[in-house]
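So, here's a batch of structures to check.
In what comes next, chain A is part of two complexes: it sits with chain B in the first one and with chain C in the second one.
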Partner chain A sequence: MKLNKFKKLVALAMSASLLSGITAQFAPAIAHAEDQVTIKFWNFPNFTSDSEFKTPEEYDKALIAAFEAKYPNIKVEYQKLDFTDGPAKVETALQSQTNPDVIYDAPGRVIDWASKGYLAPFSDVDTATLNESAVKASSFDGQLYLYPQGIAPFLMAVNTEVTDKLGVTDLLPLNSEDRNWTVDEFQKFLEAVQEKDSEMIPTVLYSKSAAGDQGPRAFVSNLFGSWITNDEVTEYTINNEAGVKAMEWIQEQAPKGIIGQGAALEAKDALEYFKSGKAALTILASPGLLAQWKDAEGLTARFLPFPNVDKAPKYEYLVAGPAVFDNGDEAKVKAAQQFVDFMINDEEWGIRTLKATGNFSAKKDETGLYDDEELAFAEKLSAHFGAYYNTIPGYARMRPLWFPLLQGVLSGDTKDVKEALDAFVKEATEIYEEEAALLKQ
Partner chain B sequence: MLNRLKRKYDLSGYLFIAPSMIFFVTFVLYPMLKGMHMSLFRFRGRRQLFVGLENYVKLLSDNVFLRSMGNTMFIVAIAVPIVVVLSLFIAINIYNKSAAVRSFFRGVFYLPAVSSVVSITVVWLWIYNPDFGILNYVLKSMHVVNGNVQWLGNSATAIYAIIIVLITTSIGQPIILYIAALGNVPVELIESAKIDGASNWVIFKNIIWPLIIPTTLYIVVTTTINSFQIFALIQLMTAGGPNYATSTVMYLVYETGIKIQDYGKASAMGVVLAAIIAVISTLQFKYLNRDID
Partner chain C sequence: MEFKKFGLYNILSFTLLSALTIFFIFPFYWIATGAFKLQDVAIALPPQWFPTSPTLDNFRQLLVPLTARWFFNSVFVSLATTVLVCATASLAGYALAKKHFPGVKLLFAIFIGAMALPKQVILIPLLRLITEMQLMDTYRALILPAVGWPFGIFLMKQFSHSVPDSLLESADIDGCGEIKKFVNIVLPIVKPGIGALAIFTFISSWNDYFSQLVFTNSEAMKTLPLGLASMAQQAEFSLNYGLLMAGALVASLPMIIVFLMFQSFFAQGITVGAVKG
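This part shows the complex of A and B:
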C-alpha cells in the first residue's frame, strides 16, 4: 500500500517535471503570440562618465527603463559583468546556451563569436556614415557584427603636476601641435625624471598578464616603427628589424630602472603608480581613463603620443558598441536589434550613452562633442589609427604568448631578442594558420 | 517478515549515503568523466571535432605544459616536506604551553587558513613590491640587498616567493591536527620513558612518531593534493610569469580552458594532472600505511 503511494508520488513528480518542460518549450511561442518579447542584456562597466548616475549599473538600468517605456512590448533583463571574470562568464554561458541577446563589448571578442556563428549581423546599418576603421574592425566576412558606437585611441599620458615639480616639463613635446617625440627625446625625459628624484619611477612598462596588454604592444611597435601585424592583418611582423631594435632598446633600458620594474606588474598597477604620483608617465591612457582621473588630487594628466624614431606613431584604438546574439528566435533578434538602435540612435539616449563611455563617436558627422583640450587632441588622432589586429584568427591564443616574451626581455632572462621574437612570430603564425583553416571548414 | 525488515534497513542505509552520493556523482564523478570525454575533442564554438588522443600527444611536445608540470612538481617537492616538518615542530612547541598560549598560537597560525586567498595575496603583493615593498625595505636597511629586488619579477626568485606564501597559508590546519594528535599520545608512556632515562629524541622517535603517523599520512596526502592544485596564488600573484617561471598545471588549465577556450587541451591537462595525483597519493598511502602497520 505504502509502495503504491510512493509509486504514485514518483509518477506525479515525473508528470509535473514533464509538463513543466513542455510548458517551458512552448513559453516563447506563447509570448510571441502576445507580441511580448523578453531579451537579456549583459554589460561591462562601460557607461562610467554620466554624472547623474553613481554607478554604471544605475546608468544601464535607466537606459533600459527609457527603452521599455518607449517599447512596452519588449522587456529587457539586465546582468552586469566585470572585466575580471566577465569574459569567462560569457564563454561559459555560450557553452551552456544561456548567453545574453545583447552585449556591449569590443571587436576582439565579438568577431571571434561572429566567426563561430553565435551572432546576428546588422544588415540594415548604413556603414558609409561610420568611421571606416571602426567598420573594418567590427566586420567579419563582409558583414557588420558589432554596431560601432564609440572609438578612441590608446596613447600615453604624463602627470604635469609631477613634471612641473621636478622641473622637467620643458622636455615634453606638449607645445607642438602633434606632440610627437623621438625615442631619444623620450629617453632623455625619463632619465631627467630619475636624476631629479631617484624615488620617482619615470614610467612602468608592465607585462604581468593580458590585462591592458595592448599598451605595451603599442609602445614596443611604435619605438622604431614596426607593427604587430601587416596592414592586411594576415601576417605577424613584429620580428622585423624595427621590432628587434625596439626590444633591444628595452633590454638595454630595463636595468637602469627608467622603464620601471614591470615584469611582475600589470596595467592596473602601472595606472595606480601614475594616479598616485609615484610614476610620472603612463604608457596606457585613453579618453575614458582621462575622465576617471579628472578628480584625482595631485594629478593633471595630459595626453602624449608614443615615442617614435620618425615622429610618426600609429595608434591602437578602442572600438565599442553592442552586438546581438542569434539565439534561434527571430523575435528576440529583432527586439535586441531594436534595443541596439535605441542605444545608438535615439535622439536623447544615443548621444548620452556615447558620452557615458567617454569615447568619440563612430559616426563621421558627430565630432567635437566634448569641450576639452586633451579630448580635442585625442579626437584628431583617428587619422593615424594602425591596423586593428585584435580580430586576427587566433588572437585570444596569441595574447598569452606576448607577455612572457616581454617578461623575458624585461627580467634579463632573454639574451637573444631576435631569437625570442622569431619564436613568438612562429608560434603566433601557427595559431593563425590553424584558426584560419578552421574558419574555412 | 524478515525480508521486509531487511528491505527496510537496506533502504534506510541507502538514504543515509544518498546526499553524499548525489554530491559525489554531480560534482566529482560526472565532471571527471565529462573531462575525460572532452579531452578527446577539439572545440570550435559549439562545434566539436573528435580528435582522439591528439590533445594528449600535443602535450608531450608542449614546452609550456612540460615547464608548468616541472614547476608544479618542484612546488610540491619543496612545500610538502616543509609544511609537514614545520607544522609538527610548531605543534610540539605549542602543545606543552598553557591553554591560553595554545589557543593564541592556534588562532595565529590558523588565521591564514581561514582568510580569503585574495586578501592574503594583496598583503603579500605589497610585501614583495619591488618599489615600495616592506621586504626590500627591511633587507636594504640590513644591507642584505642593494637595489630593489623584483621578488616576483625575477625568474630565479618568483617560485620561491610563491612557495613561501603557499606554506604560510597551508600550515594552519596541520598544526591544529598535530596538536589534536599529540593529545592522544598516552602521558604515562612518555613519563615511564623519562623515568627510564630516555632522551627527548628517543621519546619522539619511539613513542610519539609511531602514534601520529596516521595524522601525518592525512597531512601529507592533503597537502600534496592542495600543492598540486595551486591556482589562485599563481593567478593573483604572477599570472604564471615571469616567462613561465611560476606557471603550474592548474593555472595552465585555467588559461587554456577559460581564457583561450581550448576546452579539449585543457581537459587533457586536467586528466594528466589527476592521474599523477592519483598515482602519488596511492604511493603515499601504500608506504605510510606500511609504517602504521
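This part shows the complex of A and C:
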C-alpha cells in the first residue's frame, strides 16, 4: 500500500515537472506570438551573379540574414528549388496547402497562380515607375501579382573567338549600332562557318523539350515577321503567311546541317555546344547566360538580334521578381510583402539582388547598372519587346504542342508545314478557349 | 536433320539474346563510360563511345561531405523502409491468409483496391498529413509513408497460403504461442517471399524520387538521387553530364549489391504459384 502511494507520488511529481517544462517552453512563444511572424521563402537558383557568394543559395541566405537583421520580428525560412523539379514541388505544395509565402519566379507560372486565386496582389506599388511591358506581363485582372524586379531580352549570341579563327566575323552585323541582320545575311554566315570547318556546328535550332523553348519560338517568329500570338494575346497567329514562310525556310535548311541536329537536342545541349566552342552561335542567350559564360575558356560571347527579313526584330523577354501567396494569414502576407519590398527597394540589397540575377531593372529610372558593352546593347532592346504571351490561358498546355511541331519540320517528317502550323494553332486555340472559359466561371 | 534444326535454333536464339542483351545493357555502359568523361567529351559529336582520355574528376567532385550524407540518407531510408515493410507485410500477409476473423475478406479487398491507386493520388493528402504532424524534412517522413505497402501485403499473403494448415495446427497442439509459431514456422517457409519483397522495396524506396523531393527541404536531408540532380544542375540551362553519370553510377551500386545478395530469393519469389504441386 505504501509502495502504491509512493508510486502515485512519483507519478504526480513527474507529471508536474513535465507540465512545468511544457509551460516553460510554450510561455515565451505565446508571449511573442503577436509580434513574431515566420514566413517561407522558396527560390530557384536565380541569384547566380554575385561574386561574393559561391552558390545562389549562399546569396539567398545572406539576403535573408540582412532582412532579418533589419526586421527582427520576421523570420524567413528558406527552401532552395531546382529548375528541373522545383515547379512540380511547388505545384504539389500548392495542392496540399503547404506552399511558401514568397517565391521568386516569372509571370508564366505566377499569373496562372494569380488566376486561381492563390496570390496576394501588390496593391501599393506605383506601376507607373516600372517598365510597361513588365507590368503588363505581371498583372492579372488589372492587379499586379508579380513585383517585376528584372527584365531582359532573349536574343542570340555568337562566339567571336570561333568566328575570328574561321575568318567569318566580318559576315556578322556587329559593327552596326542595332546589329540587325536579314535572313539572307544570317544564312550566308551559317554557310560560311560550315564551309570553313565542317566539324563546327554553325548553330543548333533545338526542339527536344520545353526547356528554353522560347529561343526557337522567337527565332521562328522573327525570320519573316510573324509572332506566336497577336498583340492582345487573345489569338494564336503563328500560322500566318510569315510563320509558314519561316517554317519552310527551316525545312529547307535543316538537311544542309547549318542549323544542327536539333530534333534530338534540347536547350542545354545547344548551350553546351556553344559554351565549349563546338557551335559558333546560339539562338538562346540572355544577360543572365552571359554572366554564366564569363569564365568559359575560348568563349567570347557577343549578343546578336534574331535575323529578320525587315531588320526589325521583336524580342521575347524575361520578367523576374517575387510573388506573395495568400495563405489566409494577413500578418504573413504583410510580412511577406515587407520581405519583397526589402528585396527590391532596399538601398543596398535592392540593386544587389537585381545585379545578382544579371537582369536589367524593371524600374524606368534605374538604367546603366552594368559596365559592359554587351549588356548596354541588350538593355536598349527593351523598347522592342514583342507581346508577352507566356500568360495566355493554357500556355503550359500549349508548350508541349510546340516542340513536336518543330521536330517534325527539322526531321523532315512534316511535308506540309502550313497544315502542321494550322493543326498546332487549332489545338492551341482549343486549349486557350477551354482555359479562358474556366477563368470566367 | 534434327541436329541441324537444333543448331540453327540455338544460333538464332543466341544471336537474338545477344542483341537484346547489348540493347538493354547499353544505357548502363553509356553511364559507366560517361562517368569518366569531362563535359566537352561527354557532349562530343560524333559521340565518343569509349573515353580516350578517362578522368576521375567527376568522382573527385562527388567526394564532398554532403554527398556522403546523401548516400547515408539513401541507404538508411531504403534499409529502414525495407525492414519495416518486410516485417509488417509478412505479419499482415500471414494474418490475412491464415487467420479467420470477421471482415478479413473486406480488409483484403481494401488492400487490393489500394494497390490500384497511383502514388500521385495519395501524395497530396500525405504531404498535408506530414506537414500537420510536423514530420516534414525528417527520416520519418521518408520512411513511414512506405510502410504498410499494399503490394507487399498482397505478396506475403500469397506466400503465407503455402504454409500448410496441418503444420500450424500441430504447433497449436504442441502449445506453441503465436509469436513463436510465426517466427519458427511461418517465417522460414515464406523466406523467398520476404527476399523478393526486400528487393522490390529497396529498389522502390531508393528510386522514390518524387516523394523524397516533396518531403524534404534541407540539403542535409536530401537523398542521393535528389542531391546529385541538384549538384549536376547549377543553373537553369546548365547540366554537368559527366558528374551526373558518375553520380548515377555510384547511386546504382547499392541496388546491384542488394540484387546480388537476394537474387536467389528473388527468382523463387517471382515464380511463386507458377508450378502447382
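As a convention for this text, the second predicted complex is superposed on the first by the 408 of 441 C-alpha atoms of A that agree within 3 Å, B and C clash if a C-alpha of one lies under 4 Å from a C-alpha of the other, contacts with A are read in each partner's own complex, and residues count from 1 in each chain.
We adopt the following convention: contacts are C-beta pairs under 8 Å (C-beta built on N, C-alpha and C of every residue); 3 or more make two chains touch, one makes a residue touch a chain.
The structure displayed is predicted, hence computed values, not measured ones.
Colleague: Could you check whether chain B and chain C clash or fit when both are placed on chain A?
Modeller: clash
Colleague: Quick one: is A:272 in contact with chain B, with chain C, with both, or with neither? Answer first, second, both or neither.
Modeller: Touch partner of A:272: chain C, not chain B.
Colleague: I'd like to know which partner A:201 touches here: chain B for first, chain C for second, both or neither.
Modeller: Touch status of A:201: both partners.
Colleague: I'd like to know which partner A:116 touches here: chain B for first, chain C for second, both or neither.
Modeller: Only chain B; A:116 stays clear of chain C.
Colleague: Looking at the overlay, what does A:386 touch: chain B (first), chain C (second), both, or neither?
Modeller: Touch status of A:386: no partner.
Colleague: Touching A:45 in the superposition: chain B (first), chain C (second), both, neither?
Modeller: In the superposed model, A:45 contacts chain C only, not chain B.
Colleague: Between chain B (first) and chain C (second), which, if any, makes contact with A:150: first, second, both or neither?
Modeller: After superposition on chain A, A:150 lies in contact with neither partner.
Colleague: Looking at A:108, would you say it contacts chain B, chain C, both, or neither? Reply first, second, both or neither.
Modeller: Neither chain B nor chain C is touched by A:108.
Colleague: Touching A:98 in the superposition: chain B (first), chain C (second), both, neither?
Modeller: second
Colleague: When the two structures are overlaid on chain A, which partner does A:263 contact: first (chain B), second (chain C), both, or neither?
Modeller: First partner only, chain B.
Colleague: Return the residues of chain A at which the contacts from chain B and from chain C coincide.
Modeller: 88, 92, 95, 97, 201, 261, 273, 278.
Colleague: With touch defined as at the start, can you tell me which chain C residues reach chain A in the complex?
Modeller: Against chain A, the touching part of chain C is residues 39-40, 43-45, 123-125, 127-128, 131, 136, 209-210, 213-214, 217, 219, 229-230, 233-239, 241.
Colleague: Mind pulling up the chain A residues that touch chain B in the complex?
Modeller: Residues in contact with chain B: 87-88, 91-92, 94-95, 97, 113, 116-118, 201, 207-210, 257, 260-266, 273, 278, 396-397, 400, 403-404, 407-408, 410-411, 413-414, 438.
Colleague: For the complex, give me every residue of chain A touching chain C.
Modeller: The touching residues are 44-45, 48, 55, 57, 79-80, 82-85, 88-89, 92-93, 95-98, 201, 211-212, 261, 267-269, 271-273, 276, 278, 284, 288-289, 292.
Colleague: Per the contact definition, I'd like the list of chain B residues that touch chain A in the complex.
Modeller: 44-47, 128, 130-132, 148, 150-155, 158, 238-244, 255, 258-263
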